[in-house]
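In structure tokens below, several structures.
Next come two complexes built around chain A: one with chain B, the other with chain C.
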Partner chain A sequence: MKLVKDLSALYEAIAAVQELYLPVENKGRVDFKLYEAGANVDIKTLKTVRSAKDFFFTQTETLMGFKVEGKNIEVEDLRPEVRPFVAFGVRGCDARSFEVLDKVFLVDPVDTVYEARRKAGTVVTLACGRPEETCFCTNFGITPEAPAGDVTTWLTEEGLYWQANTDKGEALTAAIAAVFTEGDGKAVEEQKKAISDIIAKLPLANLDMTHLEGVKEETFWGHPVWKDISETCLACGTCTYVCPTCQCYDVRDFDCGNGIERFRCWDSCMYSDFTRMAHGNNRNTQDQRCRQRYLHKLVYFPRRNEGMFGCVGCGRCVAKCPSKLNIVKVIKALGGK
Partner chain B sequence: MNNETLIPKVGIVTDIRIDTPDVKTFRVERPEGGKVFEHMPGQCAMLSVPGVGEGMFSITSSPTNTEYMEFSIKKCGCVTNWLHAMEVGQMITVRGPYGKNFPVDTEFKGKDLLFIAGGIGLAPLRSVINYCRHYRDQYGKIDIVYGSRSMDDLVDYNEIIEEWCHDTGVSVHLTIDREQEGWDGHVGFVPNFVKELGFDTNKVAIICGPPIMIKFTLAGLQELGFDKTQVYTTMELKMKCAVGKCGRCNIGHKYVCKDGPVFRCDELDELPDEY
Partner chain C sequence: MQEMIKSKLAELLSTGAVTKVIGWKRGENFYDVSPAAFESVESLADFVYDDFCGANLSKFLVKEPGKESKVAVVLKPCDTFSLNQLIKENRVNRENIFVLGVPCEGKLSEEKMRVMGIVGLTGCKVEGDKVTVETLYGTETLDKNDVLLTKCATCHSKKHVIFDELIGETGEDSDVDRFVGVAELEAMSEDERYEFWRNELSRCIRCNACRNACPACTCEKCVFDNDASGVAAKSNANSFEENMFHIIRAYHVAGRCTDCGECSRVCPQHIPLHLLNRKFIKDINTFYGDFQAGADAESEHPLVHFTENDPEPSIVKEGK
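Our next item is the complex of A and B:
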């Protein structure tokens, strides 16, 4: 099995062939950043604060410009140029979120910006050596001990074990062949076992999900949980911004002085003006908005996508909600617990 | 590069007709002439004014109009205020067509049709009505029930009086909410008028108007013996992308922009009441 003993050499080798993004620590916070020599790379911290969805669906991006002169308008295509890149150190939950986002952006009509980034990106996942209390990805069939990706890696005491899974993964492996040695892979098997042992003991990793299988909207529509959780919801939108699968966006115009730019940016169904129209708002109260967010992930999305849930169990909302609300509480409440 | 759905085309406003105190009908063409794109009755387009915003509007003209598209727009918000202030020759941006159309070439074929509209709700139905009038021999008898607040608020009044009322096999039934000088037609709300007219149930009904009017009219039709599978309507919710991705026009698991805006009323039964 392929093994990398010198991680810096690996980063240098990848960065020499493609743009490399990986978890970097800055002022106590770890997020995916473009690699540069001397960067404080941190692949031991389990979860980046922001999810990995930025790789393919960025927080804001300009899509077009308009030159307005008198009554005339000229449209300019300002979609970003996309270069090949490697996303290194992605965890299993975030890797699954790409599949969830694919179901939105790659269905007809295809979102060409997302598609271009998806084609350009090689995803190198990293097994979750030490899953945390807030983790519950296993409820969604995700395997943190061997996460899916173009390449899967395991950080062991011997070094980083490396396994290419796709053509893109093989191509990257071939391009940096000089950094690899061979290892017996025993440490990988040991780590997989250790991860499974941790998961068996985690409080949220073994939820009962049977009550969510094949249900329709009406099953949970009038459930008391919406009122309960919305009472303390601040409508801050943090859950949607840290969520790897929240994909709602806004489209807005900005006057640059010498033309108009139209950009897309993340939006949140937790905000009161999200659905507000000139003639009214069909989700007027926070309990309606909370219901929308959770039922979207647990019922609407699965109904449109052969049962695939719109949650990947990364636990970011569990950790970050200032009111301690989260989807796990909802899943439990809907199951009568 | 040119199939990016969010990037619009440019259209030029070649005519503006004042319909009512708050409704204008805009004729839109490509700058070099001709339609910006083809559509089917009931489909919508995103119109925008760069710097102001973008919104979804039903295409009021019939696809059988080969020269231009028309949009009847009520002044009620930011973008519509701007549109109402436009002069002929102004460019706007247009993208589309979006959504499912009325099944004019399948379920509607050979059937008697009953159109029921309230206020600006006539805008999306005008496309269907004129399509069916164009292919007149492919449909049965056509009844049109249309009501508004006052006689000044009837959209497309001239076309109704001068064209629709003279077609053979087309009956137009107009009503206004309250008595008004100079009006000798029916007075009363649309749902009650429909019940008074008492249509036979051997037809397809198409309703569009304010949500409350749709609700009561549907109930009225059911009293007359109509089944929900015979009744179609078209919906509107906040939209940004119009392609089922921005995440705000959903009712349960359906997106109005993509799975609608046209729904058969029994399909709405499956969805939660959040519209």
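Our next item is the complex of A and C:
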């Protein structure tokens, strides 16, 4: 099995052939950043604050421009140039989130900006050496001990074990062939076993989700949980902005003086003007907005996508909500617990 | 302590003195404590008051319609300053609020544990100034000071400035120097300071948690949500917008910020936003004499109250 003993050499080798993004620590917080020599790479911290969705669906991006000169309006294609890149150190939950996002952006009409990034990106996942109490990805069939991706890696005492899974993964492996040695792979099997043992102890690893199967869109509309959580929901966008699957966006115009740049940016269903239309807003209270957020992930999305939930159990909302409200509590409450 | 609080709240609900209680509710694990509304004595079974009740519940009173029903709220000393300020600004109706003051020895932050590399948190025990944390990967004993919420590490007062009833006893203003962090920034060169803030604010994801948790931010329509304002934004398009949002907010709450520290507590990126507010507090103290927003519900703050002796800060600077 392929093994890398010198991680710096690996980063340098990848960066020499493609743009490399990986988890970098800054004041105790870890987020994906473009690799540069001397970067404080941190692949031991389990979760980046922001999810990996930024790779394909960035928080803001310019789509097109309109230049005005006299009575003429010139339309400009301002879509960003996308170069091949490697997303290194992605966890299994985030890797699954790409599949969720694909269901939105790669169906007709295909989102060309998203598609370009998806084609350009090679995803190198990293097994979750130390799952945390906020993790519940296993409820969605995700395997943190062997996450899906173009390449799967395991960080062990010996070094980083490397397994290419797709053509893209093979191509990257071939391009940096000099960094690999061979290992016996025993450490990988040991780590998989250790991860499974920890998962068995995770408090949120085995949620009862049977009550969500095959329900109608309106089944939970009148449920008391919406009022309960909206009482102390601050209506901030933390849950939506750290969420790897939240995919709603707004399209806005930026006035440049002699023209307009039309851009899109993440939106949050927690915000009062979310999906506001000319006639007004169809959700006016926070309990309605909370209902939208959770049912979108737990009912509406699965109904349209062969039962695939719009949640991957990364646990970022569990860790980050200022009021400690989160989807696990909602899942339990909807099940009568 | 928790049981004494609970029994008082049960009494208030059962006698009809209040129809609702704003308190904290136990969730999935030791640090999972949510602000919550309780409307029946039975529902109080989940009520909790412990080392993780860091949230300032004053903010949740703003939403209360107020006129038709009376609400009880459980407030720690620092939270009472926020309530006073809200009363001063007519954002809550004092007559409809029953304040149950509860003592506080500083609240803990599980996020600080995570940043220290202590993960897989499953249990926690506080004994004196030591905290023993159980995790999926073993047991760790920590100094309580190292895992206090940032706002608690520089607590400015353990005195309840407004209450209807106290459980336990109220404390005194603290003599901790809370301006150490500000002084460090002031000692930097302008370039260093700019770099410091750029690094911090570049992590902002514009989730608005700081604004929405802030008891001083109670505008019905924030300028940043108002399309007609010309500065409405759902995300930071560039570094200018990253800076502007936080600087405008700090200016807007200057003189009104009680230093409750919620902005820094709720920031998912742990940007030390309280340092912006504390700079204003320090400057106000320097120029106009010591002033604590929320110390009472009546006095006008120096930035909206002119006296002939007021200094002109810009002139003071030029004179130096």
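The criterion applied here is as follows: the second predicted complex is superposed on the first by the 333 of 337 C-alpha atoms of A that agree within 3 Å, B and C clash if a C-alpha of one lies under 4 Å from a C-alpha of the other, contacts with A are read in each partner's own complex, and residues count from 1 in each chain.
One rule holds for everything that comes next: a contact is a pair of C-beta atoms (placed from the backbone, for glycine too) under 8 Å apart; a residue touches a chain by one contact, two chains touch by 3 or more.
Predicted, not measured: the structure shown is a model, and the values here were computed from it.
Overlaying the two complexes via chain A leaves chain B and chain C side by side, clear of any clash.
In the superposition on chain A, no contact is made by A:His211 with either chain B or chain C. In the superposition on chain A, A:Arg304 contacts chain B only, with no contact to chain C. Contacts of A:Asp267 after superposition: both chain B and chain C are touched.
In the superposed model, A:Glu231 lies in contact with chain C only, and not with chain B. Shared-chain residue A:Lys192: touches no atom of chain B or chain C. When the two complexes are overlaid on their common chain A, residue A:Gly28 makes contact with chain C while staying clear of chain B. Of the two partner chains placed around the shared chain by superposition, chain B is the only one that A:Arg283 touches, whereas chain C remains out of contact. Legend: residue contacts after superposition of the two complexes on their common chain; A:Asp250 is shown touching both chain B and chain C. Taken over all C-alpha pairs, chain B and chain C come no nearer than 9 Å in the superposed arrangement. Residue overlap on chain A between the chain B contacts of one complex and the chain C contacts of the other covers 250, 252, 267. Contact residues on chain B toward chain A in their complex (touch as defined above): 1, 3-10, 50-54, 76-78, 80, 87, 89-93, 236-238, 240-241, 243-250, 252-253, 270-272, 274-275.
Only residues 63-64, 66, 68, 71-75, 77, 79, 104-105, 107, 109-113, 216-218, 221, 247-253, 255, 260, 262, 264, 267, 269, 274-279, 282-283, 288, 292, 295-296, 299-301, 303-304 of chain A touch chain B when the two sit together in their complex. Remark: chain A residues 26-29, 31, 46, 49-50, 59-60, 130-133, 198, 201-204, 228, 231-232, 234-238, 240-242, 250, 252, 254, 263, 265-268, 271-273, 318-320, 322-325, 328-329 touch chain C in the complex. Residues 22, 27-29, 32-37, 55, 59-60, 111, 114-115, 119-122, 136-137, 199-200, 203, 205-209, 211-213, 225, 227, 234-237, 265-266, 268-270 of chain C touch chain A in their complex.
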